[in-house]
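Next come two complexes, and both contain chain A; in the first it sits with chain B, in the second with chain C.
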Partner chain A sequence: MRAHQIRFIVLLLVVPLGAYSLFVVYPYVWAIGISLTEWRGLATPPSWIGLANFAAILGDPGFWNALRNNGVYLLFVPVVTVTLALVLAALICQRCTRLTEFYRVVFLFPQVMSIVVVAILWGYAFHPRIGLLNSALEVFGINGPSWLGDPNLAQASLVAVIVWNSVGFHTALFIAAMRAVPETYYEAARLDGAGNWRMFRDITLPLLRDPVRTSLMFMAFEAFDLFAITRIMTGGGPNHATDVLATYVYDQAFSLSRFGYASALAVVMFALMLGFSAVMLLVMRENKVEFA
Partner chain B sequence: MRWLELAWGSLRHLFLAVWAAIVIGPLVWVVVTSFKTDREILTDPWSLPQDWHADNYSRAWDVANIGGYFVNSITVVIPSVLLTLALSAAISYVIARFDFRGRQLLNAFALSGLLFPVFLALVPLFFLANDLGLTNSHLGLSVIYAAYSISFTTLFLTNFFRTIPQELHEAATLDGAGEFRIFLTIMLPLAAPGLVTMGIFNFIGQWNQFILPYVLINDERLFVLPQGMQYLMIQQQYDSDWSALFAAVTIVMVPTIVIYTVFQQRIQAALTSGALK
Partner chain C sequence: MSVFTVSRRTVLKGGAAALGAMALSPLAALAQTARFPIAEAARNPLNLAEGTAIEGIFFEGGYGIDYINHAADVMKELHAGTQISVTGIQGVADRLRPRFIAGNPPDVIDNAGAGSMDTSALRTEGQMADLAPLMAAPALDTPDKTFAETLFAGSQTGGVYEGKQVSLTAPYTVHGIWYDQALMRENGWEYPRTWSAMLDFCETLKSAGHTPWAYGGRNAAHYLVRGIVYPLIYKLAGRQAVDDIMTAKEGAWLKPEVLEAARMVAELGKGGFIMDGSEALSHTEAQAEWLLGGAVFYPCGSWIENEMRDVIPQGYEMTMSPIPGPTEETFNSVLAVGSETFFVPSAAKNITGGMEFLRCLFSRSTAAFYAETAGVIMPVQGVEVETLSSAVKSAMAAVTEAGEDVFPLDLPYQAVWQAWGALSPELLQGRLSPEDYVAGIEEASASARQAA
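Right after this comes the complex of A and B.
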């Protein structure tokens, strides 16, 4: 490499890496430092307390409650979303006509809308008095429940909204993957007398292994976040029934000014996500099927 | 066999149509409701409006300040997308084009942002922005949006720059072009399709961004659209101006859907490019 090239590289990198280091890397590193302090805001400087925040987290019912809710999302959201998306993709892709193009476009509507708009829209659709759902139920003489006000229904309602919002995106992904499968595979199978279902199970599904994994991982990471939808639709209520780690971290930091404790919670959240991805990668590797 | 195929075909379309109805139904409901009076909304949520009240829209635009939030979003997101592309193109070009010690390290460093949840950065980022005078600032928000978009955009553009043949670089060098000229006049134009894809991808993501402005902007006049919508929803609980809120949701929702439908092929490619890479 020549001198003028080195000068070029340095000049090209200095601003982008500077901005990235200052606004992205530095806060992440600093957060780990803050997590080891007690810090109540600008008036008082942070004081070092070692791992005391982490010990406090273990005994904090609010943390365990939020974690349990994240766990419920993790259990249901990826599997339901991906299954439904697979079914829809398979139904659309069978014969690619104008009508199926229409479905593919329509299914992605929720994805291009802002999550805030989606949350507000469904907040009102679930409204016990003026909501879409309950006024529909009223037609059949059923008095609909308070979907978001009932601790037993609130989280299930949110799962429904998240699935509604995400299915189209994963359907689009799966359709793209299905269209990449060579038509000759299906022709050969058809000659061997395979039906639609057999072809889907034995050809399409195995070839979709990678996109399905990607989608499951993607939705799993979504299940760790869910800040906007929770904040707007339930505020974490009723009575903390829909609190998640993201809203809990936010509240500890910006409502209660417990900056040290909030950062420690965020470090735990990060560790859980890392651990989860490591486990997922391991599980997926063990299940790897080799095709001849 | 014939009737079985027919039954399967109609079942298939029924299933697709049901899901399409589940997707479109709530959207239509919002649009229809936005033309009703508050009385109609409360007493008869299921019917069509008696008169179609367009005045809900002027109320939403002026009183609820949707227009102001919209302008704020434009002011933030257009510079931030351009900045995202400029910063990421520089890093990814270096990674893709030059071989030097530490290239792997640079690559890992640039992508490390993908590893962390943004919630971990919130507290320090707030104090950092505060110290630099970047809270309650549209410029500050633009810069921070761009910084947090670097990792993914760099990952995508690096792969893109790699597809441009190395020979072009050599030929241009032989013609006496300097590195800056090669980058600006040859490489960037060749990378235009990748830049457009990432431009759309980041525009959608940054336009819909919620948590960062929620933390960094608390002056109502400076709110960006998602934040303003949320604020409006809270206000509505005091004012009970349901119809204006539904009109506001429609104002935000319908253009998005129209733009998406017109450019759907491009947008769909941009949205799915992330997961397929």
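Right after this comes the complex of A and C.
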């Protein structure tokens, strides 16, 4: 590479890397520092307490509760979303017509909407007295439950909203992938007497392996966050039934003024994410070998 | 010229807050601003330098912001050269924390509402300035009295930390059970005066097609504690028990009387007396439903009239009574306390300016303005009011009838408030036993004690 090319590249990278260091790397490092202190987030400087915060996390039922809720999301959200998206995409692609394009656009709507708007709208849908859901149930004489007020229903209600919000995007991805499958494969299969289900299972699905895996990963990372939707729709309630790590960290810091402890929680969350990403990368690599 | 006229006025007096008529003493010999007469000694006792800037940031909630603006106007007239800026905000902690960290807080703050700063953290860090000079200064518009002497007796003890007055609370708020007196009259009903009578009355209401109780569990479930559980604890176990709760003393929630109070409250849920869906409503949603007839009773503080002013139906006679206790004798005792915390940060640039603003805010002029425009009571003695709504009248009558039996709630620990909000709906829904309920709050109380 010539000198002026390198200069050009460096010049291009300075601004984004500088911004990244200032707004991402620096706060991370700073948070790790604060996690070793006790700090009320006021003017008195943080005081060093070593690893005491991390020891406290291990015995904090609030942390384990939030982690378990993240785990529940991790278990359900990716699988449900991707399965549903596959079914929808397959149904739409049964016959690729001009309507397919229309559906692709319609399915993208929820993804385009701000998550804040989605959360508020669904909050109304779940409203126990004037909500869409309970009004509909009332028609059948059913006294609807208090979706977001019942600890046994709140998280399931949120899963429904998250799936609704993301399923369209993945459907659109899968439609695109399905249309890329050469029609000749299906023709050949049909000549051999294969039915729709058989073709889906043995042709479409194997050829969609890559986009499906990408979608699963994408949703798995999403399951680790979910701050906005939780904060707006339930605030982590009722009685912490929908707390996730992100809202728990926020609560410890900004409601209870425990910034040192909250930073330690954030560091743990960071480590968990890092570990999870490493596992995911490994899984990907194994598969690549298989293809090679 | 005085803005006060003397006839047909009600005078609000402190402490026991007796309602009675008292004529305003003549103030002819005094100098005056455009608004009210003012003694020379009361003009600038804190020696505020002219030309300084004062910045105030205030929680703007159910009580509005008009009274803050009024106090600012009073102060502008008093100190023509100073620049005063006042701002109303919500989410006080999020907005002001960066300024505390930067060592640049405003000169006076109203810390209240959802997302307020942890008062105990502010206190233990010494972030609140000692208000001693203000307390000893001559009051703005009550002649021959110090500022401290004009406040309702005993109304500011919650703001004393390590022997220093570091914050003031206002508006004076009476907490109890709110209902429509017109509905009661039309049906020939009487507000029940014992707990068992209350449960019987809830049955009566149910058979008449009414839902007895509503609350907003999504963000205001702590109203259940402040309106019902906590007063019941006072009625069952007396002052020491509630003092222990306020100081997060070990075992405060493990006393048998406290468990009994939790059991009593759980009976409301067991009897099916709670409006469906209450646990998922915000306080304003629940209050709107309650006003439109969705429920008969709502536990709340006396800001509710001002907060819901636009929604109150024609003919609704908003009235407050204390929660009935185990016996007739315990009926009258009532929770009354300043509901928002005003303080001057010790790191403020203009501490004197902040205190001077508080002197204008806790003045008869501002108090009279506030009572007349919004029916809200500042804890300032000798304020004259032309008319009082049924809501304010009933709240003040409750305080009068309680006499010495008025008790406060000054709990500076967010962790405990949070536990109240999280656990109370579970108790009412029957998903949490009274035993687990008090144990859960004791736990939150312990963690608050350790953090302080």
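By our rule, the second predicted complex is superposed on the first by the 263 of 292 C-alpha atoms of A that agree within 3 Å, B and C clash if a C-alpha of one lies under 4 Å from a C-alpha of the other, contacts with A are read in each partner's own complex, and residues count from 1 in each chain.
Operating definition for what follows: contacts are C-beta pairs under 8 Å (C-beta built on N, C-alpha and C of every residue); 3 or more make two chains touch, one makes a residue touch a chain.
These numbers were taken from a predicted model, which means no experiment stands behind them.
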* Which of chain B and chain C A:254 touches, first, second, both or neither -> both
* chain B versus chain C as contact partner of A:143, first or second or both or neither -> second
* Asked: Touching A:43 in the superposition: chain B (first), chain C (second), both, neither?
  -> second
* To do: Have a look at where A:25 lands relative to chain B and chain C in the superposition and call it first, second, both or neither.
  => first
* Does chain A have more residues touched by chain B or by chain C? -> B
* Would you tell me the residues on chain A in contact with chain B in one complex that are also in contact with chain C in the other? => 42, 129, 254
* Asked: Which part of chain A faces chain B closely enough to touch in the complex?
  -> 1, 4-6, 8-9, 12-13, 15-17, 19-20, 22-28, 30-31, 34, 42, 87-88, 91-92, 94, 99-100, 103, 105-117, 120-125, 129-132, 135-136, 138-139, 164, 167-169, 172-173, 176, 196, 211, 214-215, 218, 224-225, 227-228, 231-232, 245-246, 249-250, 253-254, 259, 262-263, 266-267, 269-270, 273-274
* Asked: Which of the residues in chain A come into contact with chain C in the complex?
  -> 40-44, 126-129, 134, 143, 146-151, 234-235, 237-240, 251, 254-258
* Partner chain A, residues of chain B touching it in the complex -> 8, 12-13, 15-16, 19-20, 22-27, 29-30, 41-42, 45-46, 86-88, 90-91, 93-94, 98-100, 106, 109-110, 112-113, 115-117, 119-128, 143-144, 146-148, 150-151, 178-180, 183, 204, 207-208, 210-211, 214-215, 225-227, 229-230, 233, 242, 245-246, 249, 252-253, 256-257, 260-261, 264, 267-268, 271-272, 275-276
* Which of the residues in chain C end up touching chain A in this complex? -> 93-94, 97, 100-101, 103, 115, 117-118, 121-122, 124-127, 217-219, 276-281, 289, 294, 347, 414-415, 418, 421-423, 425-426, 429, 431-432, 451
